Structure formats: structure tokens, C-alpha cells
């Protein structure tokens, strides 16, 4: 870490600062230039509060030399992490599609979709049991009952199940869940992240609506630092001024994350766009950009076809998309 | 709620939709115009999933006539809510300043600041015991010990204490806290909000970094719907493209919220700007815009003066600001 | 267009409004429902000021049934527009890559790059003669001299040339330019757009940094309404809170624009990301999402290799990318 | 300017870079630290392309020590600029309110409003003759005829007139305009800014919807560098994710700009919010935050009262606001 000090800083103030930094266990190097005084810090600066330093009267600017994440950093872990869920692998050249309904509604619905997406080539089943809803009056999910239905669908198909947790106190109910999802709104629920760092299950961590790529990596770092090294990152659209799509898919996040971290990176085109007809082009774009997987909403209840979620594919559309992905994928992977 | 249906929608589809809506307990009114078919819904539409309706093939657009929040809505509760914390009142013409350090560090620090801000006219003491930090390696607050120090400062000064909760499981430790703060990152931690709806303490709810005004009101609605009617809303800056300030204070949120809701609205100029020298102009602007209060960071540890947070006022600067607010306030209140 | 009127609106006010609307040449249809009064407008509503209507005291909301653009609207022009520049076609299944340096620097530089990108398969040559620069002290481009160098490069290679105009008064100098580019900062320079509507050359219209998709189409409409039907739209990244990349490429804009308009849509991965190493994944993503072309920065001056723009590809990297695009393109086009 | 070079950069590359920088007229200072090599640049770095340097392979980061604007910089011009328009002064403790209709519609309308706002205490008259409209089909303003009506209103009241220019070629028509306004959409129309740098009239420069504070200052610099030192800056709301208000007023821009520059800073609460009922609280907030003035929309045509712009005050509301401002202003100015 490098501190650029303001001109005219008094020697006494500089020494005061250096002593304080030494108290944090850091080695300091003072370089007085003709036009600028620079203070270099050596040691573990990950715990240093960069905002605090930036706010000091005598500091002009602070520049991190190293990213503030260690465990998630590709510099220190050059090889791709491969997350294994039973026989299913994701990352390191292993591409996976997670598919299923937005909400778990019934055994018939869920098992039907599970069989269908498995036949189309999905590697895991998604389905919301606990639903984060903006309104307290909206359906909050089947909760515990939804988890049981997911387990039944898993028993019927063999597909590992992925579902969202909303509070650490629910963890005991997630014993038979294969991958625990942290939703966008909880990406910086640090107490939850700490608890998931102690869990022996892969975590699917979704980027917050207005979280930077670095903040996503810092949240992954909370889980990794706790001892759980199986984290899958998911870009699901960010909040911008554009209102035509529900969110703006940040496709650049795929190559950027692949460069900065060794963790698998997947895309959620359903939530990013909020429109079923955009799922296909965005999925293909994600494959082309180098993503390790996709998480896609599929709904198949013909009796309520009228009420299909706006962002859900029909099983037929999903099947067609999977065929296209299978054609595209080897071509992209060959070009790396 | 009004649904504009697409042209060429078949009668059968419309009837299918109407039946489904009736199943939700809603009365429907079909108006077939020359150029557009409109379906009006009467009843409690707060639980209706507007995204789902919008996504239906036959729906062109959905228009809510009523806001989706009821308990927080000024239309149904025209009088200002006055939140009372002991003798301290906020809202309904009662202006309060909450002041104190970013983090609780020691008894000496906290009680010193508490005495000082009380002398300057602050009505409540703030101080972080549990600290949400982007990095897992950064200081996470004194946690339980910090809460004890807050209680000691309260005992020494009589100032009610305001501090942030990060997880519902910590609630038992908050027994002696006067106002429980929900931080910006937890504004949509719905499980936490539900729990706070059952608590018999005022809640200070901060707007999320990228949450709309309506989303803030919906989060307040979670607490109110649970039975806790003492919610104080806090605008603390939103995330925009501008990087000069840490966040962009949305000053318009003050008059907008005062119009939409009866709940008290306060401003946090310290976090909004991230710069102590902007706290004064932003505080005065908040008063002029009609805010019911302010929450301001004040730090007074002379031994570590070097490390004062960049956004914290000194006790002297805070005292001067309080004098200015006292001059300005009656003038603004007289103009309402 | 539909106006939802507020409850309790007096009959006299409604009649006043209807008369005023008739004065604008619109037919009005009043539908008084049990709970809402609706006023439908028939006729050419493109000139109606929706903000003005929204602001009327008696209006609850205004809903456009038709998009406010006509000439650019796919509903009225279902077939893809194919823009022809000599033998080069773009749109309607014709994919083109426009390549060249950020700034025109010298004849040697430009002609060298032109030959190189032509050999790799580029269909047009780009190069900035007039450069929009944030700082008045930065290099403003070779201006007229730059245009001459572009003409020489065209003569040497046969590649049509694409270059940016910054002021309508420069138009006479653009006589030999094949495609006139309107930069992101001028997307809403309406006087310039009007002038370009009278020009007999294709226009490459870049989306503004914070312009919505609809605003981009409205700016295209300015050109089309003037009589110039050859407009190519270009998504080049929008401004968001994310700072890792220079802008955020809105990849969803490709399928959205292809749905809303018949005009060709291309992507500028160089400006969107600001990083050469992201150009390849974003280019492939653009192809996969269905774009009609790309505009890519290529630089080849070995003597100044040190100063290659951060977002420019070397000719070698560009050649490799073109090979990958040629492999990917037929696969994507076959899937439509 | 300071360049942090990457580790492992070869000596030859560093020398290559230093030679190139010397070619730009800069003095270089190399500081090789234990862990980082730093290259300091002395000289006029305003013309250096920071993006280009950032993109060099061997450069880790670039840090400007000096702001890239000189003429607009308070460091070099500590005293407030006072812009004089006849007897009217703005800046340096002189507060002015510019008021008038959004669009000039008729002599009767404009002169009526002009007399009214003058009586209420406005110092200048605003009114749009050339109107930037998103739609080519919307009313584009009375243009030349509108300018004539503004001159008549000036003759009738003595109020200096402020109106927007949309293209440099219209300048001859602006001979009798007192203050030329550059709209938000043209803030980075650099060719126009250059022309206005040669004009002997004050320029009212509005911040672009998605322009940073630094970009606003760089656009001012274009005008100042051309020799025109009379620039008034105007914050008029930025584009964010919040849709309740038309834009988000960045109130922090007032104290930030007052710190960074000596130019007068005014606020446009009408365009920032798009709602007449927010104009009062935002105007008072602007005064409290230290603004040098306001520009406010006022409309008074009783015959078309129905069609008052949603963001325009009535003359009565404006008069009341002016009274409040006159009470507030001395109190705020006394506190500086």
C-alpha cells in the first residue's frame, strides 16, 4: 500500500503517522521526492481501513498495490477452482447449467420440471423455497415445505439441488441442500457470510444489485476466509438508469472475474433481463464471454401457463437453448 | 390496479385471466374500448405480483392505482408519526440530532463524546458495536462489549442509545438499546425486518445504497406490518456514477418521503458524503428541505486525532453546527 | 395514448382537457369506470409532450400505447434495414467489422493499419480526425488533415471510411467520408441530428453514456424523419457505478434493439471496456447476442508500441479475433 | 503526476517511457523503492492523456497530483469570480434568482411573467427559444422569434435575459442575449464550448445528466481557456436508478464545487425534480448548502393553466418562495 502525503506536511505529523502504522504491524518506507512525499507500507495490509487513511488530513491519496482479497485472488491461486457437487463439476473447463422454477410450488410441478430439465442436459435443479419479496404481503415461499419438495425432486431425478438461504438461523433446515445460494440482497449480509464460511457445502454467491466486482470478491473472501473454499460467483444484472430491462447484465464481469479470481463464474440471464425472450441471446453471450455456467428459470405447469413468470422459459425453449449451448460451447472452449 | 391488455387478445384468454384473478380474491371490471381493453381490479392488491402480471403474454402494461404500502402510507395515516424514546420525540415537528462515533472504541472515548454531544444539544447517542465491513480482515467492532460500553455511556449521560443490528440472533443482546438501527446493506434483509416487526423498540431504517424510495417504504412496511409502528427512515446517500463524494445524498428524498409517509425522516450527512467538511452544508440543506433530524458522526479522541475518521466532526465543529441548526430550524418550521 | 385521470376530477376539468387535446388534432374517448376515469387518445400522438400531460393536476398517469418513434419502429417496418456502403452491406444478415486506430496520426500509420485490417477481414476503416476530448489541453485530432489521410488510406485499400463529426459546420469537409459517426456525447445534439437527416450518407449513431435505449431510438428518429434512412446504431457501454471497466457494456441492448427496430446494431467493445484484453470476449459475446457488426480499435505503430492505447488491439490480436468470429458467426446465424 | 510502475518492469522499458515523456516536455523523476518503482512527472501535465498512460503495460496506476483544470481551479484563483450582467452580480456573496417560463410562447405570456418575477425579486429572466426535445415531432421552440420576444420582455422590464443555445451557427442571433445557456445535453459539445470561449458574454453551463463534477469543470475550462472568464455553473440533477423524481439533485455538488472552483454555482430545482411541489424545499436546501443562485421555472398563463408544466411554479408560489429565500439567505451568509 502506498500513501501519497500532501505537500507541506510537517515532519512531526509524518512521524506520528508512521508510528501509528507500525502499531498495526506494518513496515513503513518513507520516500521524500522533490514534489511529493510517499510512504510505502509493507506487511499484511488487508485489514487496513483505506477509507480511514484517505480521510487523514495529511494524506493526498492511498493506493493499494495488492487487492484486498487473498483467498479469492488468482495471483495466489493461479489454477481454476473446480467445485464438485457429487459427480457434477463446475469451473476449470467444466460448464454447468442450473435450471428450475423461480418458486417451488408443488411436488408435481417441481418433479415435472426437474425431470424435464435433466433430460435437456441441466446438471442441477434450482427452486426457491424461501423467497425474498419486496412486499411483506407477497407470497414468501413454501419455506420448510419447499425444501422437502426439493429433496423429493432430487430423489426422483438425482439432480443436486440449489436453493436460497435468507437467514443463518435456517441453516439446520438446509442439511440436504447441495448448494446454498446467497441472494443479491444478502451479498453483504456479513454475519450470514461468516456462518457460511463454516459450512461444508458449496455456496452460490450472487452479486448485489449495486455491488462492484471488487465487493463481490470481498464477500466471497468472507466465506473463503472462514474455511469454505467452494464458492461459485454469479452475475445477475446490476441496477442502472436503463429501465427497459429489469437490470443490466454486466457481461464484462465474466472475463474480469475470470482474470481476478480462480472461482467459477456463472450468469443468471433470467433475473438480469426479467424477460424470457432475452434469455437465449444472453445465455449464448455468456457462453461466448467465457462463463462457467448458467442458472436459468424454467416453468412447466400447463394448467397455469397463463401465469408463467415473465422471465421463465418453457421446457421446450430450454431444451432448444441447451442444444444451442452444446453446439457453441466446444467452439468457445477451443479458442481459449 | 389496472391492466392494459394487448390488442387482439382472445376473449377466452381474457376470461381465463379474470377467473384466475378472482381466485386471488379480487373483483374484476372489464372495459372494452375501441382501441384498448382495460381490466380494473378492485380489492386488496398489495399481495399481487406486479412483475408476474407484467410478464403475461396478453398484458401490455400494469398500473397500480394505490401504492403497495398501507401502514406506511400517509394517505391512510395523514398525521405525522411521533416516535418517542423516553422523553425524546422525533417527527411531527420534533427535530432531533443523533450524534456519536462511528465505532465504539473504549469507555473513555464513548462517554467523553457522549457528554460532549449532549452538551451541544444532541438528543441521542450513536455508536457502532457491530460493524458491517467490506473486508473480513477489517475490525468488526467490539460487538457485545461495545453494547456494554454504550449502556455505560447512557448511564453517564441519560442519552438514549442508537446502534446497528446485523443479525436477528443478536437481538437478546439489544435489550437495553433504545433504538435499533438497520444498516443500508440490510435494508432488504427481510427475515431481519420481520423479526424487528415483533420488537417493542423504535427502528432506525437506513435506505440501501441502490434502493428506491418505494423500496425503502416497502421495507418499513415489513416492520409496521409486524406490529411495530415506530420506524424512523434515514436517507444516507445512494450509489451513482459520481465518485467525488462517497455516495450522492438524495436530498429530494426528504420532501418526497414526507409526502408519501407519516414516518419521521432523517439524514445522515456523514456517510452520504464521506467527508467531514461536507457535513455542515449538507446538514443545513437537510434542515431546509424539511428533515426531522440528523445522524452525525463525532469523534473526540485527541490522542488519536491523526486517525479521526474522514467523515467525523470534532466536538467543536459539531457544537458550532448545532448552533447554526438552532438558528435555522425555527425559520424553516415557521414556513411550513 | 391513455390518460388515467385522478379520482374526484370534476367534469368541467375533464371537458377542458378534452377540448385542448382536440385542439392538438386528437380524437378522445372517455371511459368512466367505477373506480377510475380513463381518457383514450387516438391520432398521431408522437408530438404530444408526455411530461406535460403527466404534470397536469388531474392526470394520475399517462400510458403510451405506441412507441414515440415511427420511422425507426420495427412494427411499421418489419424487414431489417440493410445499409449499403458501396459493396459493403450491414444488417439483414450481413455482419461487418469496422476497424482502425483511435486517432489518425500519420499516413504511414493509417495506411499500414488499413492494409492490415483489410487483410484480416475488416469491411470498413475507422479513424478519428476530430477527437472529442474532455480536456481542452489534450490533442484534438488532426481534423481536416486527418480527413485527408483517411481518404488516402481509402484510396490505398478500397476500404470505406468511418469517422466522427463534432459540429454540423464541418459537414463540407466530410464529402468523401463514407459513414459519418455521431459520438456518444453528441447523441442528443439535436441540431446536428437534423442536419444529418438531410445528408445522403449512412450515419453511425452511438448511444450516449447515460442514454436509454428509447432515447437512442428517438435520436435515430431525428435522422430518419429528416429523410436519411441509413442509420447504424452502436452500443458502446453505459455509465454505471462499476469502475473496474471504463463503462458497462449493455449487451442486452443488442436483442432489445433488434426487436424494437429494423436498423442494424453494432457493438464497440473497445470503448465499452477500455481494455484491450476484454475486446475478444466482448466481441464474441456481441456476435452470440446477435449483433450485426463490431467497431474495434486496432493500432500498429511498432515504433510507439509503448504508447498503444490501452483499448487497442495489435494487428495480430485483431487477426486472431477475426478468425474466431468467422468460426462463430455461421453457428449463431444458423440458430436464428 | 505520478506513475506507479509494475513490479518486474525492465530497466529498458522504463527508459523508453522516460524518453517518450521527455518528448512531451515533462521532467521525470525516478524513485526505485524496495517494493515499487515510482516515476514522478513535473511540468504541464494537463495535456497528458491519463487513459493512455493507464493503459501502458508497465504502468500499474497513474495519480494526478494536480487537477487537470487550471483556469477554473480555486487553487490558482482563490477569490470568488463575480459575474456581472449589467447591474446584476452573481458570485462572491451575490445571490441571484433567474426565473421564467420553460418555453417562450408569446409576447403576452413572456412579458407578463417577466414583470411578475421581477416584482417578486428575480434578477434575470429565463425562457427557452430553442428547445432540445427528445422527439423530433415535439415542439422545437419559437427559435428566432422566441429570441425577439425575449428582447421585448427585456425592454419592458429591464431584466437581463438568459436563454439556451443549441448550435454554434446560431450565435449571430444571440447578440442581444445577456447570458447564453449551454444545456445539459451539450455540456460536452466541445466545438460549441470552444466557440463560446471566444464570446464576450457570460455562459451558464449546465452539468450533463451523467457528467461528473470534474467533467463539468473540464467543460468550463474549455470556455475559460478560450478567453471567456464569465462562466456560471449549474447543477440540475443527475441520472440515477431512482425514478420517483425526474433526476436526482446532487446537492453535495454545491459545497464541492465551491471548494474546487471560484466560479459561481447555481441550482435548477425545477429540472432536477420535475415536480413543482419539490421546488420550494430544494430551493431552500440549495440556499442552505451555499449556492450562489437559483434558476426556476415560472408560468402564469391563466388561459392555459391546465397545461402548466409539471415543474413550473405559479407566480404566487414563486413570490412566496422568494420571501422565504430572503429570510433564509442572510442567516446562511452570516454563518460562512
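Going by the order they are written in, the chains are A, B, C and D; count residues from 1 in each one.
One rule holds for everything that comes next: a residue touches a chain if its C-beta (ideal position, glycine included) is under 8 Å from a C-beta of that chain, and two chains touch if they have at least 3 such contacts.
None of the values given here were measured: they were computed from a predicted structure.
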With chain centres set to the mean of the C-alpha atoms, which chain is at the far end from chain C?
-> B
Write down the chain pair with more C-beta contact pairs when A-B is set against A-D.
-> A-B
Whole-Å separation of chain centres (CA-atom averages), chain A against chain C = 32
Just how far, in Å, is the C-alpha centre of chain B from the one of chain A?
-> 27
Between chain A and chain D, what is the separation of their C-alpha centroids in Å?
-> 40
Spell out, as numbers or ranges, the residues of chain A touching 2 or more other chains.
-> 210, 239-241, 243
Complex contacts: residues of chain C adjacent to chain A = 210, 212-214, 238, 240-245, 248-252, 254-256, 259, 272-273, 277-278, 281-282, 284-290, 324, 327-328, 331-332, 335
Could you please specify the touching residues of chain C with respect to chain B in the complex?
-> 2, 4, 29, 31, 33-36, 38, 40, 42, 60-61, 63, 65, 210, 239-241, 243
Which of the residues in chain B end up touching chain A in this complex?
-> 13, 16-17, 20, 44, 46-47, 49, 51-52, 54-56, 68, 132-140, 166-170, 185-186, 188-194, 208-210, 215, 218, 221-222, 225-226, 239, 246, 274-276, 304, 306-311
